[in-house]
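Would you mind keeping the following structure in view while I ask a few things?
Chain lettering (A, B and C) follows the sequence in which the chains are written, and residue indices restart at 1 in each chain.
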Amino acid sequence: MQIPFTRPQASWTPDRASRLKYLCLVPVVLYDSIFFLLPLVFLIWIGFWSVENYRAVPGFSIANYSDIFGQFFSRSRYAYAIAQSVWVSATTTLLGLLLCYPFALGLVFLVPARLQRFALVLAIAPFWTSYILRLYAWQTVINTNGLLNTVLLRLGWIDVPLQIIFTQMGTRIGLLHYLAPIMILILYLVLRNIDQTLLRASENLGATLWQSFWRVLVPLSKPGLVYCAVFGSIISLGDVLSGIVLGGGTGKSLLGSFPLFSTVILNEYAASTNLPRTSALATLLIAMMVMILVLGLQFAAVDE
Amino acid sequence: MSHASIAQTTAQATAQTTLASPIPMTTTDLELCQIAKCYGQQQVLHDINLSVKAGEFVAIMGPSGCGKTTLLNIIAGLEGISTGAVRLRGQDITRLPVNQRNTPMVWQHFALFPHLTVRQNIAFGLTLGKHRQREIAPKVQTMAGLMHLEELLDRRISQLSGGQKQRVAIARALITEPPILLLDEPMSALDPHLRVRMQGELKRLQQTLGIAFIYVTHNQNEAFSMADRIVVMNQGRIEQVGTPAEIYTQPATHFVAEFVGNNNLFDGTVIEVNATTVTVQCPQGKIYAHSEQNHAPGDRVTAVVPADRLRLTPQPVPAQNIIQASLRGCEFMGSQVIYWLETATGYEVKVMRQEAFSDSLALPINAELYLSWETEDTMLLGERG
Amino acid sequence: MTRQHQSWFRHSLAASGWVYLALGYGLLMLPILTLVIFSFETSRFPTLPWTGWTWDWYRQLLSDGKLLQALRASLLVSPLAAGIATILGFFAAYALNRFEFPGKKVLTILLIVPILVPPLILGVAFLGLLSRINLQGHLHSILLCHVVILIPTAIALITLRLMQMPKAIEQAAWNLGATEWQALWRVVLPWSIPGIAGAFLLAFTFSFDEFVIAWFVSGFEPTLPVSIYNFLGSNLSPALNAVGTIVFLMSVLLLIGVELLLLPMLLAQPTKSEP
């Protein structure tokens, strides 16, 4: 295609000529570079430092890592903590999906339209109150002599108190209470945007409720389910509070009584204030999360 | 307002001004010179030349995607161009930023500021610079009077009807006393019954103000009822510039003839040429046309016959052009009836007649009828481009 | 299956759905109700049977001072962090929404990714940097770090609002003579107010609730969650319930804000800026 270059001129548009984009973006980019990228780079670097006379000394030594991997299965048993973290976060995420999806379905299909907004506000209300206080409240509920056990014993449904607190089931309860409002919100938004005539159409074509559910509703809400799964596993892997307050640090699970990896990082720092070593552990956690993200993305890509 | 000031030979005029010294031509308000626009590899405007006189109402018409809104955005400075120049009252504004142009626009969905009142919306253009508050108030009052908005000045935008919103949008655009007003399909968001009324009001407003209006639309009724001059665009090019009468009776290209919509097009070959009449052999039969252009036997041509020049009779009548066809259907639009017929060769023909409702019912579907028209109503176009 | 069977099946499905919803709401609300109710119980150990009503724990809370001081610290840090993040986020969201430029994708990822990194990692990382430049251990250390994790929230919510703005509105402002700054200030900003307010509320909540980063960098000026954590380690006290109730009342106020600002935005159907 020929353009008559009789009077060539630079093209001019407000968007291209504008310097506003630099003014808008430079502050935030500077801020994130200094207080986000720099610390992360620093973290990885500090992992190679050593400690002498209780002071971190810059340098390059792989002592931290060799130490960590040396104790991988022995005294500190990092491997078991990592396994525990993965196990708890996977099961918590799955439980969250299984519990929240029907709840969101109920919100969309049972609650009358004019009440849905209020119902949604009520469902996400816990999210706006303090997480650590909610965990504390759960403690009073699931304690050995807490509300739950008192009630169940009174009713005669159990003879000995249930041991929920200071197990990973306790950890999961705390995490689920944190995740549920957000999962419900995401799933609600996704389900609500599904064209409901599709369901009527599927029914009209002779599908049973069960078939409509599996063949129309679930595939269409898949994006929401994937978001929730990613969100749930990242939060559960990184959380420290539930594992300590409700899981008691080394809560028992099917795998055994091991702490979560995040708890290990926090506790080791609290005990030793050995920043280089903590940084090395945190770097390992980053590596873990990157691996999970890559695997998750590959899973999603294969699925597409 | 005189209609006599309409430029006929746009292309030549602009070609001259492009090369001539930058002495402002007092009667020309807007000039577009050899404008081309590319998005990457794709060229969306080709060699656009147009000059608009002071006080002229120009409608830019074309199908969606023809580049008409892009052209309007270029005049307003919202989009840049690849080559060419835009001049407003003799001043080259090609590289002038949008906010320094004073080429206000009336948007398709009005684009009123939802957080401001009607008064604040109208005053917006005056509150940006060095105007003082006491200068602004009377101007807003005058503008509100002109647009019949006095009662609504303290309303919020969400409380207005579509027609009221449009009047606010126009008032807001005119407050800075611009030399030109750009309108981007301003009627498309209105109810059909409102459109016709607004067309009249808009035309009256333009004549009162005496400034040029550039009106982009895909709707022919709007263009034909308001414009002094119509620009027909297709695929980024100007197909024809002319008065509504010229566009209607003398379409310059096949595209215009088809787009204007009331024409029947018959493709054929010239078989005989004499002093005044050209004979064209078409699949439908021989068609006699009047032509001032030079045609030679063997030329591929298209005969254009306006739908309202066709007569429809149950029996053959003495006429130069006559074709037999059977009736396939009719549409009633007030006192006007549109007949759809099909010739023996399967070609669809449209006929528009002013007729009483009862008369048209007398014709049964599939009735064999005769179409006839005069030689001077047949126009010839060269081979399709 | 007969028609009667089918409708019976549907009714029982709906009924069990309602039961499930009720159970779900019960579990979601259970800890909050426990907090509020047991903040008025006389017994030191929050358990049944109920022993009586008292204001003692609130009195103890007021006299103790540590938790209240932490609450004050939180009420200083969180609004400031949320405010800074919202301002930075507004300008970033505006630029990302309006302009196309090379590297935009990478930049967007950079700006959003802090919320995907676990706070635990960030806490260690912040401490590492801040301790090198002697900025650790104060309230402003928490402020600096919290802004980083709040920026993505602010950008996301304000972008959501900006995407609902017809492009023509800003163009109309330019077209009428406004400079880019005037248009930004007088048209885009008013339009974004619901998004900005919603972003501020959400950012405030995140900061107010954030534990790990604050634990690492706060030193001797703990925020409320850190202070509560220390409290949990030392002694259980219903004073925590009292704090919880106060915090809960604050979140009720937040929730009203959410109901009025955030949800209408999330539930709005996306508007097309151009037809």
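Please note the rule applied: a residue touches a chain if its C-beta (ideal position, glycine included) is under 8 Å from a C-beta of that chain, and two chains touch if they have at least 3 such contacts.
What you see is a predicted model; the values in this text were computed from it and never measured.
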Ask   = Among the chains, which one keeps its Cα centre farthest from the Cα centre of chain B?
value = A
Query = By C-alpha centroids, what is the most central chain here?
reply = C
Remark   = Cα centre of chain A to Cα centre of chain C, whole Å, reads 15
Inquiry  = Roughly how far is chain B from chain C, centre to centre by C-alpha average, rounded to an integer in Å?
reply    = 55
Request  = Report, in whole Å, the distance between the mean C-alpha point of chain A and the mean C-alpha point of chain B.
outcome  = 59
Task = Any chance you could list the residues of chain C touching two or more other chains?
result = 174, 180
Query = For chain A, which residues are shared contacts with two or more other chains?
reply = 14
Query = What residues in chain B touch two or more of the other chains?
reply = 78, 98
Remark   = Within their complex, chain B touches chain C through residues 76, 78, 98-100, 102-105, 107-109, 111-115, 124-125, 128-129, 172-173, 176
Remark   = Per the touch rule above, chain A residues touching chain C in the complex are 14-15, 18, 20-21, 23-25, 27-29, 31-32, 35-40, 42-43, 46, 56, 99, 102-103, 105-107, 109-111, 117, 120-134, 136-138, 140-141, 143, 145-147, 150-151, 154, 177, 180-181, 185, 189, 192, 208-209, 234-235, 237-241, 245, 262, 265-266, 269, 275, 278-279, 282, 285-286, 289
Query = Any idea which chain C residues touch chain A in the complex?
reply = 1, 9-10, 13-14, 17-18, 20-21, 24-25, 27-32, 34-35, 38, 45-48, 88-89, 91-92, 94-96, 98-101, 107, 110-111, 114, 116-122, 124-129, 131-132, 144-145, 147-148, 151, 174, 180-181, 184, 205, 208-209, 211-212, 215-216, 224-225, 228-229, 232, 240-241, 243-244, 247-248, 251, 254-255, 258-259, 263, 266-267
Parts of chain C lying in touch with chain B, wherever the complex brings them together = 166, 168-169, 171-180, 182, 187, 190-191, 193, 275
